[in-house]
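Dropping the structure in here first, questions after.
Chains here go by letter, A, B, C and D, matching the order in which they are written, and residues are numbered from 1 within each.
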Amino acid sequence: MTEQRYTLLLSCPDRVGIVAAVSGFVAQHNGIIVEASYHTDQETRQFFMRQELRADSLPFGAARLRERFLEVAERFQMVWRVTDSAVRKRVVLLVSRQGHCLDDLLHRWRSGELEVDIPCVISNHEDLRGFVEWHGIPFHCVETNDKGAAFARISRLFDEAAGDVMVLARFMQIVPPDMCERYAGRIINIHHGFLPSFAGARPYHQAYRRGVKLIGATCHYVTNELDEGPIIEQDTVRIDHGDTVEDMVRYGRDIEKAVLARGLRYHVEDRVLVCGIKTIVFR
Amino acid sequence: MTEQRYTLLLSCPDRVGIVAAVSGFVAQHNGIIVEASYHTDQETRQFFMRQELRADSLPFGAARLRERFLEVAERFQMVWRVTDSAVRKRVVLLVSRQGHCLDDLLHRWRSGELEVDIPCVISNHEDLRGFVEWHGIPFHCVETNDKGAAFARISRLFDEAAGDVMVLARFMQIVPPDMCERYAGRIINIHHGFLPSFAGARPYHQAYRRGVKLIGATCHYVTNELDEGPIIEQDTVRIDHGDTVEDMVRYGRDIEKAVLARGLRYHVEDRVLVCGIKTIVFR
Amino acid sequence: MTEQRYTLLLSCPDRVGIVAAVSGFVAQHNGIIVEASYHTDQETRQFFMRQELRADSLPFGAARLRERFLEVAERFQMVWRVTDSAVRKRVVLLVSRQGHCLDDLLHRWRSGELEVDIPCVISNHEDLRGFVEWHGIPFHCVETNDKGAAFARISRLFDEAAGDVMVLARFMQIVPPDMCERYAGRIINIHHGFLPSFAGARPYHQAYRRGVKLIGATCHYVTNELDEGPIIEQDTVRIDHGDTVEDMVRYGRDIEKAVLARGLRYHVEDRVLVCGIKTIVFR
Amino acid sequence: MTEQRYTLLLSCPDRVGIVAAVSGFVAQHNGIIVEASYHTDQETRQFFMRQELRADSLPFGAARLRERFLEVAERFQMVWRVTDSAVRKRVVLLVSRQGHCLDDLLHRWRSGELEVDIPCVISNHEDLRGFVEWHGIPFHCVETNDKGAAFARISRLFDEAAGDVMVLARFMQIVPPDMCERYAGRIINIHHGFLPSFAGARPYHQAYRRGVKLIGATCHYVTNELDEGPIIEQDTVRIDHGDTVEDMVRYGRDIEKAVLARGLRYHVEDRVLVCGIKTIVFR
């Protein structure tokens, strides 16, 4: 278990003195900075910053830190938040029949690598119930014949679970627009293609027909535009003419797992800031 | 310098006994096989084969090898050819103002790594004349104000140079359809994007705006369909939010060089067979 | 499930006519070759070959295939074997406390990707019993205070399970020389370092102290020489100065899983031939 | 050409308030921070920092910036320097017969990608004179029969050229200890192996014999201990059993070029700080 930390995430119009003001504030309270990253978007001139502080270096807790920081934040018109590593994010996993991403995330969770709570797993199939329940995690099967009812129930389950983020870990259903809006920046998908190539259905078949020499996977936030949301993480793997679609599916599973695990980790550690259709990932 | 080799390349409808017939033929003449590769395309049931033989193991030369092989080739309705490593391919390079791919290929050529002849370099700008001529290679500058005349002249220069393959080493002009058809399978382009994403102009700008986390380059045969020809080789490189378009252009140059050099090498060593809009690359 | 296949693996002194003889034999029985690969080792002039045949294309089964092939094999003094994809390999997994490789392999097995039987899992700790037994796989905990007795028991368990291959999936004990010899070519280890760098204990600590910019993992056959056995597969991942040993351990787990899964797959599909301290992997 | 920038590089014992003091100093003079990076070494508790400032945002030049910063530097016992992007580093290249790294660096230089001055190239062979002189760069051939005299002359040439950094771009001679000490942190080598594996001579032959599945290259500072200096950058490329030593040499050239170019760029942009036998590279 890592030591307790507070993470300050902010963005504001770029100008002189932001870093000085923030680090001056931290120094004034003897705060120890463990990690710090900045970025200024060239097009919008928006400034983005992330600072991770050792909780035990400050003379107060997260609530008081937020109160005290308010003055700095207002001076620079910041959009900001402070998170506390002691408050674990609540991650709800959605899955269909293919269990590779689910298996990968659950192993990371039970080995202590992924420091989150998993209040429940939701699926449109029964296949993975036994495996999930062995972990002591509630498993909800939601029939998707009536899409409206299904997604209403999924929202309800997510809200009842006090979920912070919903992860579509190979959940083969399209999330309706109203739900995308309601949970903007809180639904993460793994697409089994190297976006923007091969969006939509059966990307490995598309890649096979096109004869590409690398295939990929993309972890992104879900928005109204199918497979067009801000990309958090991607990767590719080499294939050749001898590989069938089945081989590509098999290689693909390995990059899907890796890319989703990295993308989710960045999100959970508050390393991702959305800037239009792009993300800033402070690794 | 490698020992002299004959390379047999063939394709035919798949059936039992092709490998046995070909390797029986080779063994009957005491031929030593240095490399052998096969592939059967699942959709068309077409069989593809490449065999590299040590020239000194055979009791005859390339001409006689072709004569003798004819019987086997006809029995299986093969499309085939035999090439001789002692006959160097003649590679004509086309380039605009950016010299990184040209520089890379010329170094591989003058260091003996790329065993080809380069009868001339053609450009629509004068910028790289001095560098090319230092190598003792003729440099032709072809004005492209009148596209028709320009490409007519390029064809003529290529034919006069007895070119085997034309390499668009960052040549920023679209080759007209009739020329694509005339030299089908003999024009190789390097596209500075990971096709099929970001086809057309300014792929790095497109990639920057989309916020992808990897950029790529694609080496492909040129066809009538812009950036849609059979892909020979591709690669990607990781970028992040801090990289500007200029940074992407810089990283991109390195993968463009590498991908074009590999793709051209495969072509020159007769390792590439075209199958519809895909390639088989026997590495 | 893939169609049934016979795999012919052989090696013999290199000479003219081997491929012709083998493919002639196959063609004579109307066998359909699905994959074929050859290699001649430059130093020993030993020839290596692998052919995968569709079982249903032959007029007889594996036993008769072996009988009939004997004549060809003897003519060329081959060391050879024929395996049958319908006869699943029996893989015994050995593990200590870290479960990431075990979890990864068990998921591949239960999803049908890894087509083997797992008769049992052996560990020197109780930690992973529940997870293994949930899969319906027997779990044996072997105390290692008395090394001699422990490895005697492990051998016995492996023999009773009729194991084909023993996989040290992060098993933190050194296998004694006599056992290495007895099961030569049948014990596969995953080393959490990029061999030959950082052999022995705590490779990530060694890598951290040396300040390397990439770390790796190595899948190899176990021999008497610690971490010196023939390498089957390796991979690396980029790190930087900001990564602690703990971060390296975390990245390392992901490449260990991937490298072991690939290496084991090659072994199980009879793609690996040992040639001195090197391997030939016909991918 | 990029806008003019000042880069502040510093290290000091870690304590609260360093970032605040430095960024407060910058803000007080209305300095615009373009990039900022920090790192604390866990073992030595030494703090490292790099800040890149827009020169035109400050009311004074580099000399005055150094004067003014002195007070902050002394307060925290900093080892520090300020560099000015308008003052180009002077890079002396040393090369033997193989020209791939030289060619690569010269192309980056003449295309404007590598913003340095190259006052001369030194070699122990005449082979590359013509190519270097075509660039208008003086070429000095230094016979190495008498090592002492040769390295004395190389030092003298370097000093006369007012060199900032010496790059061994495949220079196949061992630099003597006194020269390593005299130019500590100013001599960069590219080793054609993945250190610490395969140090010393003929690393590709070593790799071939060991049967590794990836080969690599390493860019490092030269110290008294052969191939043991702080590593700046490394990379690997996949090979297989079919690759000969010659193939490995060929693949190797491509990673040597890439790794040296990246390593040199980091050095030239003042992104590298040495910490014992490790480097901190603020990319």
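Worth a mention:
Convention: a contact is a pair of C-beta atoms (placed from the backbone, for glycine too) under 8 Å apart; a residue touches a chain by one contact, two chains touch by 3 or more.
This is a predicted model, so every value here is computed, not measured.
Contact with chain A and chain D alike is made by B, C. More C-beta pairs touch across one of A-B and A-C than the other; that pair is A-B. Annotation: the B-D interface is duplicated by A-C among the options A-C, C-D or A-D, judged by over half of the residue-numbered contact pairs being identical. Averaged C-alpha coordinates put the centre of chain A at 41 Å from the centre of chain B. The centroid of the Cα atoms in chain A and the matching centroid in chain C are 36 Å apart.
Counting partner chains per residue, chain D has residues 242 touching two or more of them. A complete topology is adopted by the chain contact network, contact being made between every pair of chains. Touching chain B in their complex are the following residues of chain C: 16-17, 19-21, 23-24, 26-28, 30-33, 36, 38, 57. On chain D, the positions that touch chain C within their shared complex are 39, 42, 194-198, 209-214, 216, 230-236, 240-242, 244, 275-281, 283. Those residues of chain C that touch chain A in the complex are listed here as 35, 98-100, 103-104, 107, 111, 113, 134, 250, 253-254, 258, 261.
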